Amino acid sequence: MKRSHWSIPYAVFLAIFVALPLVLIMVYALQDGQGHFTLANITRFFSDSDALGTFAVSLEIAIENTLICILLGYPAAWILANRELNRSAVTIVLFILPMWINALMRTLATAELFNILGVQLGKGTLLFGMVYDYLPFMIYPIYNVLVKMDKSYQEAAQDLGATPWKVFWKITVPLSMPGVTSGVLMVFMPTVSTFAISEFLTNNKIKLFGTIIQENINASMWNYGAALAFFMLIIIGVTTMFNGNNKEAEGALI
Amino acid sequence: MAGDRIIDLQHVSKRFGDKTVLEDINLYIRKGEFITLLGPSGCGKTTTLRLIAGFLAPDEGEILLDGKDISAIPPYKRPFNTVFQRYALFPHLDVYDNIAFGLKLQKVPTDEIDRRVRRVLKMVSMTDYEERDVDSLSGGQQQRVAIARALVNQPKILLLDEPLAALDLKMRKDMQIELKEMHRELGITFIYVTHDQEEALTLSDTIVVMNEGKIQQIGTPTDIYNEPVNSFVADFIGESNILNATMVRDRLVSFIGHDFPCVDEGFGEGVPVDVVVRPEDIYFTTNPARCQFRAKVNSCTFKGVHYEMYVDTDNGFELMIQDYDPYEVGSEVMLYIEPDDIQVMHKERTCNTFEGKMVDATHVELLGGTFECLPQEGLSAGDAVTAEVDFDKVDLLDHQEEGVLAGEVHFLLYKGDHYHLTILTEDGDHLWVDTDDIWDKGDLVGVDIAPKDLKITRRNEA
Amino acid sequence: MKKLISQIYLWILLILLYAPLVFIAIFSFTESKVLGDWAGFSTKLYENLFTGRMQGSASLISAVENTLLIAVVSAAVSMALGTVAAIGIHNLSGRKRRALTFLNNIPMINPDVITGVSLFLLFIFLHFSQGYLTVILSHISFGTPYVVLSVLPKLQQMNPNIYEAALDLGATPAQALRKVLVPQLRPGMISGFILAFTMSLDDFAVTFFTRGTIGLETLSTYIYADARKGGLTPELRPLMTLIFLMILVLLLVINLRQSRLQKANE
């Protein structure tokens, strides 16, 4: 028996549990309650100013969150990966640890802390909570890429006359892009689509896109909910294709 | 002479943690020469190169460029360029941009960059490759781009760190010829690092042989080949027969049970020495008058250019001989060696000498272990002593736990009728052992010494 | 100097990252119902947690049990399925391999809401009643890709001939798998299991959408419901603190073992 045939059970599993569900989203999105083909859900979305507004807000928060995570996370990853500045394996563990603690738990803890400190829940706390939740997911892949990077590139650049500053911007940053991309992937889309976090951290004052998907499904408005999900899928598809076949980005995860 | 020197290393030492990687290195490099740092891995040659390049700073000593100390100058300000062992071509830039990298940093005008890049690409025979991605290139091509990237900046010195190590044999030989050509054309100083002695002999004007952080010998290829100063250099360069010998008197040396006229003087009389004879310098004869010793042919292998034969001499020594003609296995042959071809070298040591301390009347602490010895009169616990052990009186055991010390076989030297091993103990000390047993480099051994073989004398601590 | 600034930067970030958790940990040692009120030092909440006599609803313990059960089962199945799949994929090439790899990566790229909704629709479509089985199946579907991704590199590093060598010496494919492949792949399998296990423990959205209406709660859904009700079950504080400490110790141990192994190999 050929060993490549060992992939067949999984192929079947993927077909049923990954491919089919996504197809179903598309199917439901394009049907009405009676199972007839219709574009009504889609047109409804584009004319619903609430939904569009929520989407815009979600995008805005996601972009801000991602940018802040990069701004705060890249230096942190760089320091952690630099043996001269950090020799402690424990520090690295401390930065990775939050990723493994239940996200809801962490968000709730943050919300409670804000309560005690008397900070008003709103956009600021939401953004803080998002960064708080997602920062480790940005730091880890960048750290991974930086730590595995061949030091001889930096040495070669220095040898050719580049000062440490130039080495960083012309060599280290470009070569660390797969890690940054990985981080962005793990932060951007999830931010757009979470719902629990925004509920807790804004007392439901700000709704994110994930929230309205959830509300619709819960209210048995499956078709409209599926249409919203379908819309998100398209965006994910576009951004993934934009990235191309990023094998290095996967490597950055593990 | 002093104005001739471009680089001068004076009393340079370098340590990594508690390991001394370079010890008191003194070396000068002449402008325009092709000098090679040659030695086994771990000998310190790459460290020396990196010190010159500026990626490391010396713990002691000075590095002078044209007479001025540059130890504190960072690598991006030194007028040298390096060709790295694994090329280190920037994967996110194409060939052109890789080469232009240094020039762009210097803000050279675009048209001049273009001119120089194309010219250097032509020199390494890589024209038309400007737009290619570096990971689409073969090893040899990447190598040339790396060389081009370094040379385009017109450095005063080109540093090469085992640049051909990753190439296959034919490609390596072709590149060696090209490098030599480039050196001739450009006229700049090349500092080359390799562990391949053939490569060093082919390329260099001067060779610096290094081992364990110390310079063993500096000389031209012919000097190093024909007149190695010690058994390490003799063994490292080319094939050789290295044997224990006794200098009978000036110009007469005795080894393998016979006396041979030689050309060396000044070693003294009756002094133990080491002798090197290259395999190609032992000649066959059918004339009994010329015969200096007899032997029986053990094996004969065709090597393409010559035949390689192993013979057992009349006194029980094994020698390697290279000759253009084969001799039948089992046949008795008559051999001689010209006086010129016998290289006499000082022995670095005649027995093991260690510093130790008495634990009690019958035990001494040496090399991190406690050995039993014969009762020593006049010595008590705590006294500082010197212990001597002959090479053939050290016992090596198969299992580390069986011995007083644990060690590893670090280096093997065949001496014609026995092996002369260098053992590295757990604590990092060296121990030399003569044995008939066949060991391999890297074998783990236990070390023991019979009490009667330890010669202990009081050491006067100054 | 550079080192000092770097360390300060890191520590500021760490303080911000851990402030909420430390806050919860501190208040796990007091009995007050409202978080933030210090009612004197007490370990009562810890006692309640372990004896099951809760001030809040008693279903916290069962939620924790469910969470662990689902995580262990789904991660175990993921490990088996993913390892076999990785071996298969490793031996594929070209279009088939790209297609499978693409499908494999989808659950990792997709936000959990999408995965949850899509699986929800799947179970509706298949007329599966939602409960334990559907949740476990869903967790397997997003856990297995991590196993595949952990095992594939080990396959690539492994000598390709050892499987054939085993067959040559008389082993059946199943024996070769067990005696030769699995020992080589074990590190990848274990890290894959740990990843799948963690993803399952951490999951909220997928469980939320696929658990149906039988009242199945995992820790995440319990917390969600709890927070919506306005109060935070006090016993959650010691629970969170304990989980935090356990993971901290676990990660430290793993890391110390890894660095000690590395030093030994040098």
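A, B and C are the chain letters, set down in written order, and residue numbers restart from 1 in every chain.
FYI, a contact is a pair of C-beta atoms (placed from the backbone, for glycine too) under 8 Å apart; a residue touches a chain by one contact, two chains touch by 3 or more.
In this text, all values refer to a predicted model and were calculated from it rather than measured experimentally.
K.L.:
Along the shortest chain of touching chains, how many steps lie between chain A and chain C?
P.N.:
The least step count works out to 1.
K.L.:
Taking each chain's centre as the mean of its C-alpha atoms, give the chain farthest from chain A.
P.N.:
B
K.L.:
Taking each chain's centre as the mean of its CA atoms, how far is chain A from chain C in angstrom?
P.N.:
Spacing between the chain centres: roughly 17 Å.
K.L.:
List the centre-to-centre spacing of chain B and chain C in whole Å, with centres computed as mean CA coordinates.
P.N.:
Roughly 54 Å separates the two chain centres.
K.L.:
Spell out the part of chain C that touches chain A in their complex, as residue ranges.
P.N.:
It comes out as residues 2-3, 6-7, 9-10, 13-14, 16-21, 23-24, 35-36, 81-82, 84-85, 87-92, 96, 100, 103-115, 117-122, 124-125, 137-138, 140-141, 144, 148-150, 153, 163, 173, 191, 198, 201-202, 204-205, 208-209, 219-220, 223-224, 227-228, 232, 240, 243-244, 247-248, 251-252, 255-256, 259.
K.L.:
What part of chain A is in contact with chain C in the complex they form?
P.N.:
Going by the criterion above, the answer is residues 1-11, 13-22, 24-25, 28, 72, 75-76, 79-80, 82, 84-86, 89-98, 100-106, 108-113, 115-116, 132, 135-136, 185, 189-190, 192-196, 199-200, 210, 213-214, 217, 222, 225-226, 229, 232-233, 236, 240, 250, 253-254.
K.L.:
Can you list the chain B residues touching chain A in their complex?
P.N.:
Those in contact with chain A are residues 53-55, 74-77, 80-82, 84, 86, 88-92, 101-102, 105-106, 149-150, 153.
K.L.:
Going by the contact rule set out above, which residues of chain A touch chain B in the complex?
P.N.:
Touch residues, chain A against chain B: 150, 152-153, 155-163, 166, 170-171, 174-175.
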